[in-house]
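Presented sequentially are two complexes of chain A, the first with chain B as partner and the second with chain C.
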Partner chain A sequence: MTIYAIIIATLTFGAIFSVLTLSLNLQYARGGMINFGTVAYFAAGAYAYAIFTQEPPSGLDQYRFGFDMPWYVGFLAAGVASLLFALVTGWPTLRLRGEYLALTTFAFAEVFHSLLLNERRIGNGSVGLANVERPDPTTLGMSDTVGYALAAVVLMLVTAFVFNRLLKSPFGRTIDAVHDDEIAAQAVGKDDARIRLQVFIISAIPIGFAGALYAMITTLVAPAMFTAEVTFFVWIALVLAGEKTIVGAILGAMALVLFQELVKGVPFETVRGAQIAASVEEIVTGILFILVLRLRPWEKLSKRNAS
Partner chain B sequence: MSDIILSVENVAMDFDGFRAVGGEHGLSFNVNRGGFLGLIGPNGAGKSTTFNLISGVLKPTQGRVAMNGVELSSLKAAEIAGHGLGRTFQTPRAFPSLSVIDNVIVGSEHSEEGPLAALFGRWRPADVELHEKAEHALERVGLADRLHDSVANLSGGELRMLEVARQLNRDPSILLLDEPTAGVDPNLQVKLSEILVQLHADGTTLIVVEHNLAFLLNIADSVVVLQNGALLAEGDPDSIRHDPAVISAYLGADHET
Partner chain C sequence: MTVFFQLVLTGLVTGSFLILATIGFSFTRRVEGFLNIAHPELLGVSAFTTWGLNVIWGWHIIPSAMVGIVFTAFVGLIIGRVVYDPIRALGPAILLITSVGVHYVLGGSVDAIVGTGIRSLDIPLAESYRFWGVRITNYQMIVVVFAALATVGLALFLNKTPMGLAIRAMSANPELAASRGIDVKSTSRITWLISSGLAGLAGVMLAVIATLSTDIAFNQILQILAVAILAGLGSLYAVVAAGLIIGVAMDVSVFWIPAGYRPLVAFSVVILVLMFRPEGLAGKKSR
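And then the complex of A and B:
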C-alpha cells in the first residue's frame, strides 16, 4: 500500500466515521444522551440505500424488495430510514438516562442486527446484498477512490456545518438548557422530552447518509459489516479526542482510521506477521475501549444531573 | 363572587407513605385573579411541595389543581408553564452552559426556535428583540452589568435574582416565588419588594413562600398558613399576625412583624 492509498482511505473512511462521531457529539455532549446502538442507524441507511437502488429480486435472490431507483433517491431514502429508526427507538427509550439508555439503544441495535441476519427477505440474510449500485465518479473526470473520498469529506463538512448552525441558534440554546437542568427548562415551558427526541432524530439523519455512502464505497451491505464493533469504534474516537468539540469529533475519527490503515499497510513478509498485526490491532482497540469505559462519560453526566 | 385563577382542591402528596401535603382530608385553597398570596409555615410544612404540585413538577396522590378552570393534573410541567404559570425554586436553578443574558432569553417564548429556523437562520430578528427585553428584566433585578458573565460567577443571591428575571421576562399571569429573599442582601430585597408591588399593581397573580415575614406580610393581601401539610389558617395578613394557632405553631410569642 502506498502512502497515497493510505491517505485516500483515511480520508474516505475517516470522513464517514466522522459523520458518526459528529452525530454522537450532538447527541451526547450537547443532548446528554448515550447512544450505544449507533451502528443500527448506519446499517439502516446502508440497507435502505441498497434496497432502493437494487433491481427487483430474480432467480436465487431471497430478498423481497428492490426498487431500481437512481442513487440520489436511495441516498435520500437512507436519511429517511435512519430518521424513522431513530423515531421508533427514541420515542420509548429517551425517558431513560445514562447507562440505561446506553443499554437499551445497544439492545435495539442487536435486535436489528439479528433481524438483518435472520430475516432473509430484507437483504439475503448473512450473504447480504452485493453489487450495490452507485454513481460513477469517472464521469466527472475523477478516479473512483478520489471521487468517493471527496464525497465523504463533503458529507462530513456539511454535517459539521449544519450541526454548528443548529447549536449556535436558539434551538442550540434550548438544547443546552434542557441538558443543564430539565426541571428549570420545564419551568419556562420547554418540553424536554420533545427537545431530546428532536436532537436524537436530527443527529440520526447524517448517520443514515453515511451508511448510504459506505454501501456505495464497499458495494456490499451485509450484517457482518454492521456489528457493535462499529459503535465501539466511533465511541472510542469520540472520547479519545475529547467529546466536547466538532473538531475533536473529526480528529478522533480520522486518527483512529489512520491507525487502522497504517497497521493494514505494513508490508508483512509472512502470513504469521500479518496475523500478529491483525490481533495487535484488535488488542489495541480493546484496550482503548476499556479506557473509554474507565473514563465513564455517563458518570460525568449523572453527576451533572444530580447537582 | 371573586374571580378565582387557581384552585387547589383536596390535594394530597405522599412520599413512600409519608404524607407531605394534605393532612387527613387533603389541602384546599383558592387564589384570586390578581391576588397576592403569602404561603407560610414552619420548615417541612409542605410549602415547596405545594409549589411542585401546582407547577406540575409533582403529580398529586389525590385531589386536583385547576388554573383558569383547566385541570392541570394531565398536563406536563412545561405545558403548565405554557399556560402562563411561572415559578422559581427554593434552591436557585440556572443553566451553567449559558451566559447570564442567555439564561433569561432561553425562557422567552421564541417564535423561531425550532431546528428549521436554526438551519435557515430565520431566528436573528426575533432574537434581537428578545435580547433587549431580557436585558430589561436583568436591569430590574440589578444584574445589568453581568449580562455576559458566566453564571458560575454569580453569588447565591444573584442566582436567585437571575431566576426571578427569567420568569419576569416571560410575563407570566401567575408567578410562584419560593423564598425569594433568602440570601439576598437588604438593598436587593427592597428592589425585589418594589418589583412584586409593581407586578401586583399590573395584575399579575402572585404566590410567595417566605420565612421573612416582615418582607412578605407588608405586601401580600392574603395568607395561607400550612403545618404538617395541612391548612392551619387562612386570612388577611393582620388576622394571621394575631391568630393564636399561628403564633403558637410558627410565629412564636414574641414575634414582631
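And then the complex of A and C:
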C-alpha cells in the first residue's frame, strides 16, 4: 500500500466518521445525551440509500423492495430514513437520562441490527445488498477514489459548518442553557424535553447522509458492517481528540482511521500475524482511550490557554 | 406440547446461566455505581483460561476451572484498582465510557493470545436424562445448581457477615460509610474480587455448555444488559426472576418465530421496560 493510497483512504473514511463524531459531539457535549446506538442511524441511511437505488428484486434476490431511483433520491432518502429512525427512537426514550438513555439507544441499535440480519425481505439478511448503485466521478474528470474522498470531505465540512451556525444561533444558546441548568431553562419557559428531541433528530440527519456515502464507497451494505463496534469506534474517536470542539471531533476520527489504515498497510506473511496485529491495534486503542479519559490532556491544555 | 415444555426447561437453564453472568454485573453497578460494559469480557477471560489449562496443558477440568475463576477474579480486581478507582470522582458516565476501552483491551488480548476458531473443553460428553418426556443434560443441571448456590451464597454473605454489612453500607452511602470507620478500599477490593469471580464462574459454565469462540464474551453483553435492566439496575435479588424470565422468553419464542430473533426478544423486553417501568422489577429507583 502506498502512502498516497493511505492518505486517500484516511481522508475518505476519516471524513465519513467525522460526520458521526460531529453529530455525537452535538448530542453529548452540547445536549448531554449519551447515544450508544449511533450505528443504527448510520445503517438506516446506508440501507435506505441501497433500497432506493437498487433494481427491483429478480432471481435469487430475497429483498422485497428496490425502487431503481437515481442516486440523489437515494441520498435524500438516507437522510429522511435516519431522521425518521431518530424520531421513533428519540421520542419515547429522551425522558430517560444518562446511562438509561445509553442503554435504550444501544438496545434499539441491537434490535435494528437483528432485524436487518434476520428479516431477509429488507436487504437479503446476512448477505446484504451488493453492487450498490453510485454516481461515477470519472464523468467529472476525477479518479474514483479521489472523487469519493472529496465527496466525504465536502459532507464533513457542510456538517461542521451547519452545526457551527446552529450552535451560534439563539437555538444553540438554548441548547447550552438546557445543558447547563435545566431547571433555570425551564423556569424561563424552555421545554427541555422538546429541545433534546430536536437536537437528537437534527444530529441524526448527517449520520444518514454519511451512511449513504459509505454505501456508495463500499458498494455493499450488510449487517456485519453495522455492529456496535462502529458505535464504540465513534465514541473513542470523539473522546480521543477532546470532546466539545468541532475541530477536535474531526481530528479524533481522522487520527483513529489513519492509525487503522497504517496497521492495515503493514504486510503480513501469515494470517495469524495479521490477526495478532488486529488484536494489538484493539488493545492499543483501548489503552489510549482509558488514558485520555483519565488524564484529560485536552481539558488541561485548554485551561492553560485560557489562563 | 412436549416440545413447548422442553423449550421452557431449556429456557430455565439459559436463565440460570444469565443469572450467573448478570449477578456480578449488577453487583458492580450496585456497589461501584456504574455499568461495566467490560464485565462480559471477564467471562471470556475465565472461559479461555480454563480451556487453555484443560486442553493445552491437559489438566483435569476441576482444577482448571478453579484456577480460571481465581485468575479472573484477580484480573477484575487489578482492572478495578488501576483503571476505575482513580477516575471514580468523574461520575458514572465517564466510568461507563471508560469500560468500553477496557472491553477493547480485554477482548483484544484474548483475541491475540487465543486466535479465532471454535473450541470446546476436553470433558466427557453430556449425559441426558429424561423426566416426563423432557430432556436435561447433567451439565445443564450443574449450571442450575451453581446459579442457585452463587445467588444464595452472595445473599448470605451480604446479610450475615460483617464484610457484607460494610459493602451494603458503602453502596448505600459511601461518605457516611467511610466516616463510620468502614475501610472503603478493602470493601471495594472485595467487591471487585466477588463480581469478577462470579463472572469467572459464569465463564466456566459457558465453556461447559457451549462451544467457545473469541466473540462469545461480547455476545453475552446484550443478554446481560437485558437481564440487569429488567431486574432494575443495581438490584440483586430481582436478577434471579429477571434472568429466568428473559431465559424462558428467549427460548420459548423459538416455538413461534425463527431462532435468529432470540436476541431481539431480549431487547424488546428491555425497550418496553425502559419505556414503561425504568426502575425494573425491583421497583426501587436506583439513581
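The criterion applied here is as follows: the second predicted complex is superposed on the first by the 280 of 307 C-alpha atoms of A that agree within 3 Å, B and C clash if a C-alpha of one lies under 4 Å from a C-alpha of the other, contacts with A are read in each partner's own complex, and residues count from 1 in each chain.
Everything below uses one rule, namely that a residue touches a chain if its C-beta (ideal position, glycine included) is under 8 Å from a C-beta of that chain, and two chains touch if they have at least 3 such contacts.
Only a predicted model underlies this, so the values are computations on that prediction, with no experimental measurement involved.
K.L.:
If you stack the two complexes on chain A, which partner ends up touching A:7: first (chain B), second (chain C), both, or neither?
P.N.:
After superposing on A, A:7 lies clear of both chain B and chain C.
K.L.:
Which of the two, chain B or chain C, is in touch with more residues of chain A?
P.N.:
Higher number of touched chain A residues: C.
K.L.:
Using the touch definition from the top, say if A:202 reaches chain B (first), chain C (second), both or neither.
P.N.:
So A:202 only meets chain B here.
K.L.:
Have a look at where A:191 lands relative to chain B and chain C in the superposition and call it first, second, both or neither.
P.N.:
In the superposition, A:191 contacts chain B only.
K.L.:
One more residue to check, A:220. First (chain B), second (chain C), both or neither?
P.N.:
Touch status of A:220: no partner.
K.L.:
Is A:274 contacted by the first partner chain B, the second partner chain C, both or neither?
P.N.:
Neither chain B nor chain C is touched by A:274.
K.L.:
Touch test for A:180: chain B only (first), chain C only (second), both, or neither?
P.N.:
First partner only.
K.L.:
Considering only touches as defined above, state whether A:263 meets chain B (first), chain C (second), both or neither.
P.N.:
neither
K.L.:
Taking the stated contact definition, name every residue in chain A that is touched by chain B in one complex and by chain C in the other, in rising order.
P.N.:
In the superposed arrangement, which is not itself an observed complex, chain A uses no residue for both chain B and chain C.
K.L.:
Which residues of chain A touch chain B once you look at their complex with the stated criterion?
P.N.:
Touching chain B from chain A are residues 162, 165-166, 169-174, 176-177, 179-181, 183-193, 198, 202.
K.L.:
Within their complex, state which residues of chain B touch chain A.
P.N.:
55-57, 76-79, 81-82, 86-89, 93-98, 102, 105-107, 109-110, 112-115, 117-119, 121, 123, 127, 163, 166-167, 170
K.L.:
Would you tell me which residues of chain A are touching chain C in their complex?
P.N.:
34, 92-93, 96, 98-100, 102-104, 106-108, 110-111, 114-115, 117-118, 232, 235-236, 239, 272, 275-276, 278-283, 285-290, 293-294
K.L.:
Which residues of chain C touch chain A once you look at their complex with the stated criterion?
P.N.:
34-35, 83, 86-87, 90, 92-94, 96-98, 100-109, 111-112, 115-116, 222, 225-226, 229, 233, 258, 260-261, 263-264, 267-268, 270-271, 274-275, 278, 287
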